[in-house]
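I have placed the structure first, in the form of structure tokens, so that the comments after it can refer back to it.
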Amino acid sequence: MMPADHQGPVGARPAAAGQELRLSTPLLALIVLYLGFSLIAPGFATVENLWTIADRCAIPLILAVGTTFIILQGSIDLSIEGVMAASSLTVALCVLNNRTGLDLGLFGLALATLAGAGLGLLTGLAIIFLRVPSFMVTLGVWSASTGIAMLLSGDQPPLIRDSVLRALGLGRSLAVPNLFLVAISIVLLGYLLQNYTRFGRYSMVIGGGEDLARLLGLPVDRCKVLAFAFAGLLSGLAGALESARIGLGHIDVGAGQMFATISAVVIGGTSLGGGRGGVLQSAVGILTLAVLADGLVFIGVSPYTQKAVQGALILSAALVATWPHRGRLRIVK
Amino acid sequence: MTPAPPPTDGNATIASRDRDVRSRFGRAARRFVPLAILIGPLSMVSAIEPSFLSPYALNVLADESSVILILSTAQTVVILMGGIDLSMTAIASLASVLIALVLPATGSGGILGVLVLTTLIGALQGLIHTRTQIPSFIVTLAGLGVWSGLALTIAQTTIPVTSSYAAVSWFARSSMGIPNSFNLALVALILLALAFRLLPLGRHVYAIGLAERVALFSGLHVGRIKIFGFALTGLSSGLAGLTMLARTSSGSPTIADSLLLPSIAAVVIGGTSITGGVGGLGRTLIGALTITVLRVGFAAIGVAPAYEPIAYGMVVIVAVALTIDRSKAHIAK
Amino acid sequence: MIEPILRVEGVSKSFAGVRALDDVSIDVRAGEVIGLIGQNGAGKSTLLKVLAGILRADRGSIVVRGTPVTLANVGAAAASGISIVFQEQALLPNVTVAENILLGHESPALHAGFYNWRTLYALAAAQLDKLGARISPSALTATLSFGERQLVEIARALAVEERTRHAPIILFDEPTSMLDPKGIEAVLGQIERLRQRASIVFVSHRLDEVLRVSDRICVMVNGRSIAIRNRATCKVADLERLMLGRELDAEDDQQVPLLKPGAKVILSVRGLTRHSSYQDVSFELHSGEVLGIAELAGSGGESLCRTLFGAERADAGEIILEGRQVRLRQPADAVRLGIGYVPAERRLDGIIGSLGVRENMTLAHLDDLRRGPIIDMAREREVVKSWIERMQIRTPEADTPAQDLSGGNQQKVVLAKWLVGRKLKVLILDHPLRGLDVGVKAEMFSLIRELAEAGLGVLLLADTVDEVMALSHSIIVMKDGFVSGRFSATAAKPSRLQVLERMV
Amino acid sequence: MKRALYSPAVLTACAAVIVIVATPAAAADAICQKSDIRLVNSMREIAQPYHANLDKGGRLFAAWAGVKNYVLQLNQGDSDKQISLMRLLLTTSPSCTVFNVEPNADLVVKPMVDTANRSGSWIVTHWAHNEGLHPFDGNDHWVAHVAVDSLEAGVAISRLLVDAIGRTGGIVALQGRLDTDPARNRFAGLQRVLEQTPGVKLLDQQTANWDRTAAFPIMQTWLAKYRSQINGVWAANDDMALGALEALRAAGLAGKIPIVGVDGIPEAIAAIEKGEMISTVSSDAYYQGSIGLAMGVCILTGQTPLPATWSKENREFYLKLVVITRDNAAQYLREPQPETYIHDWQCDRLWSRSTGKAF
């Protein structure tokens, strides 16, 4: 469904490892945005606020890593919020809480994460075996897993009493928010996967030309399923960590994350057509949105205006990314 | 997708093999699958709650479905061209707010003005999409943010329509026992369907959806046609907003938010391929009705709220799996 | 008698009842180049695909180095040392050259599941060295030139050598059909060099090429291999007779009918320039004239054609249609003014495979077929019917999906798409004969001549100089974006050599 | 033992008694047989304690009144759906159906009231509705509107907050979704109190859409921006208050900075007991979930005259709110017992919690 770019020049960015680190336009934009806020909002450019931003973008970062692989393959994942909800309740009910007698501690966190992976796996398999566009399957999975979450939630959201988990969600290590540390390690993991494993490179290949990849007998289907399982896993992790942060399992832990994540990925310069971009770019996109949100609160702008600004940002980011590739014969959907 | 397409026969065989498999059902048979999918839940619901098929109840369903129908009719046109419009509900909400604001002063003239405005908004998005060659998914994703942000900034509250409600009351009333809003939606859909059959427009839209480059090289005004499509979504968004305003006699910046994904799902459940070129308006009518039955039918027969989204998700996936024409979109992205 | 490296025995394959391969048997000996020729649909590509593991044979056996193999997929074929070089280049633009070369076989470069890029580059470089190609393995494929990409393709094919520890069997599916003479030389050169280390099956439409590089030539007709000839013992004419089952009236010698004197100028171009592709091009096209552009690919001709169709922007110069200067912002403008264009990329730009012949044919001119605002279906049908007959388009019915037609008939549909229009004045043909077999070519030749005689102005860009000369009244030669020679219709017909020397 | 006392059986028994006692005083003839009566609670969802309690209250009453037919309608935050669900249900015996409605948004009230009038079913609405709309303006089937004075709630918690910080210092305010009446009026209450206490400065305010996850980062940013200047946190509902609380916890400030909220959800009350929040205001979900149904049953069984004959202030009145602080937190933490409500359900005491007209 995304841009079918038949002959337009592809991927100005070298795909080889390490070469993504150079200063890209989105990165510049991020820096400019940060400096801009530092100028107009006194007290914005403090270390403390930096950690606030870090904490703010932790969960979205984790989500973005998973989504990036899916988008690199030219698919899309709308199920993030549903999966987060399901895992949020799973973790809340598994660790020490006020509803069930369970007290699995971090093992509960693992369970919730795996639950997410399970949902992702199912999604992937459905896409492969039913040969239905990911857009629709993930739309369905979103709805279905929200239902599962509702089942688990019952009439009272379970409160998390597990101190270890809460500490993970709220605490800091050497001034750095724990969740941010988790997020960073996930991003690094994603970067490694993308540039140093078959899964990552093949994801790039599939995005660049799926039918060709099939022709050459690459394990396209396996890669796709893997990508969705991985994304599900991270959505699960994100949902669980969000719950650890706010202290209960709740259906709405993921509210608004799907559009935010996709927007961020786009802002970072990853093409929805697939085959272009990467984990680091997406991370930049997430940071941009986090800085924006934090900065706007700083200067006291309502989140509604924030919505609008974010929209404008998406557009301009896409503009920067596509402008050089314009041409009378370029096909974009 | 790939700048290096695989050998012709490679495709041809995939396609032909598909045609062989399919020919058992036959494309014709597949056309009725959506109908079956509509009848399934409907009969299930009415089995438990016979009164569900009473004229009165059907009337309520028609009323409930009208807004989704208005939205997804126009959405179909855009999707047929391989694009998508994520901003429709945001524009609808904006419209409801604006109408509520201008109605007392201007009366029906104001309504017209707002409809023109929303049409222009849609056209603007189309223009940006075609001129800057940014994927419609992204342009309208940005639009989603901008327009809803704008609506919330203009009216941070629900605006009741009291004084000059008469001007819009028609949309809330019924004629010949059928809600006017539904009649409106139906007439719009039929007219559009006719236009597609009889005018060059229809062929051009399908051509763009199937092979935009060929359309270009055949000298079609691809840009214009796309912009027309988005203008259409803009207009219908306006109408949807108007209808909801009439029904609730007030405008709200979030009035239509919950309809975005249902209205898209309606198109695809009907059997229109999200990748464009395959499908049609008639199918969307069925899709819209199906969605409605799922949305209210299940709740009406007292299915536990948690199972409703689950069933909803399942049906979406199954419906698409059964209706999608794989011979034309052989890669499921 | 040495055991052949590859032996194909009684292989058959049919699609939906249609026999594509009928009991074909060939064998390939070590270091041998087999030329595979035949009309479109004769089964050449199908045979290659079966050997490459893309298609499964219905019957028959394939024996590699004495052991029967089942080529379930491309991987399996590669495992037994067979690899294919596709006609359209099958490379991924968004990854490195190295990845393209080793795609699916990175394992040697994997350390504990992780890429060791240095190793990967080294392995790729090794393959490129076999061809003496100076291409950086770490380069992004999209940044390579057409020729370079072709080399990468061949390098990928060669890579099976290490994997099988045998001389590979490499299948070339019309590697030259989209190349200019220079490119062709390069490829043929490569094939010559590959002899040392590989056995080759080589498909081409250009009989002279086949004769040059092949040791033996296998002629296929409707899915059967009807003859295998040694290079030494046969000539182009023989092969043509075998292919067509009849003597071909050699197109090239047929005289182009003279241009009617005093034909008025339809299209004239003055100082047209697009900095990136061609400079200061000027010419005049008369009604009834076929103006041929002779060039090596990438000399600006294609870009020029697209500009005249509004598909590319010109930076300077003017286009004058029937005395009035026109601005072509998009193809739609050109079409409105009566300019038609037959694109080189038929499958991508010419026809919509899943739509019927009728809808394809009338797509560009539905406005001419309206009664009021509404399409006059009845008239549409009869118009389409008449053109199907006039052009002898072989299709079961008017609504058969275009993708089910043979390449030649598809091309006719694309041509008809423009003739349906009432006010067509200029027709631009961008490699109209590309990928067509000799038989269909002949038909196209006469079609194009008819059109010209009917008063159309035809601008022709063809694959070979011979085609240009066979069809054109006047010729302009382009080289590196400049017009390097002109042969007007009035002057005496130039010799093949005269044209060629201005091209290179 | 104590539990057994309130088993449904016993409840229905005493219900019966009451009915018998009440019948002589009956003001009108019964409209429906009790067996025909259908009680509907229409609300957003039941994942939230507040809504869960609405439902519990309704069921509690149905059991007590001996009405078998209790229907729960959830709209999942979709106004259109709330309206359609009501209409769909009315395919059968509308005149014996009572709707107790927690509006998904102000704007659903009018269409639902219109539906009731047209179909002859009965509806009681809660919270707020669009201006210029009143039960007593010819809406004979709109039994009553039980309004919640969000302004009062806002004032109440604001007072406690400013007192808690010694009437001086800086506070931040988390607003609800601005397109709702409670959000506006609760904040208005805060502003009123601030006018009276010049010592307290409103450092910043943002809307967090009633949402805990949204409140969290906003609070964090404020902590980064104002650091020690923040002496108190005002939240338009408990969910956001708790979100802010977690943000404070992360900064090691939980319990050090007073927080107030509205709704009285169990978590908040627990937090108050712990001293991490100082106050919340409850409109008593159990009561809201049942009172409308009680009114309906009283009318349908003829124990109460038709609403048309009621006084205006009985048709649209404010609900008594309970301010919960550390002193009384304990008693609201318990699952409320039926006997707390039985006397409010008596047909002659239906307005026991009214604080006067709401128009």
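Letters are used for the chains, namely A, B, C and D, taken in the order the chains are written, and counting of residues starts over at 1 for each.
In the analysis below, a residue touches a chain if its C-beta (ideal position, glycine included) is under 8 Å from a C-beta of that chain, and two chains touch if they have at least 3 such contacts.
Keep in mind it's a predicted model, so treat the numbers as computed, not measured.
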Quick one: which pair of chains has the most contacts? A-B
Taking each chain's centre as the mean of its CA atoms, the one lying farthest from the centre of chain A is chain C
Take the average of all CA coordinates in chain A, do the same for chain D, and state the distance between these two points in whole angstrom. 37
Rounded to a whole Å, what is the gap between the Cα centroids of chain B and chain C? 42
Interface hub residues of chain B, defined as touching at least two other chains: 2-6, 10-11, 152, 156, 213, 216, 305, 308
The positions of chain C in contact with two or more other chains are 54, 90, 92-93, 142, 311, 330, 348
Multi-chain contacts in chain A, i.e. residues touching at least two other chains, fall at 6-7, 10, 150, 208-209, 212, 215, 302, 304, 328-329
Going by the touch definition at the top, which pairs of chains touch each other? A-B, A-C, A-D, B-C, B-D
Chain A to chain B touching residues, read off their complex: 1-7, 10, 74-76, 78, 126-127, 130-137, 139-148, 150-151, 208-212, 215, 259, 262-263, 266, 272-274, 302, 304-315, 318-319, 322-323, 325-326, 328-333
Could you please specify the touching residues of chain C with respect to chain A in the complex? 53-54, 73-75, 78, 90, 92-96, 99, 103-104, 106, 110, 113-115, 117, 138-140, 142, 306, 310-313, 330, 348
Could you pull out which chain B residues touch chain C in their complex? 2-13, 15-16, 19-20, 198-200, 203-204, 206-207, 210-211, 213-221, 223, 277, 327-328
Using the touch definition up top, name the residues of chain C that touch chain B in the complex. 15-16, 45-46, 49, 54-55, 86-93, 142, 173, 309, 311, 330-332, 334-336, 341, 343, 347-355, 359, 363-364, 366-367, 370, 373-375, 403, 407, 417
Chain B-facing residues of chain D, complex: 45-46, 71-81, 83-85, 87-92, 105-108, 110-111, 130-133, 177-181, 184
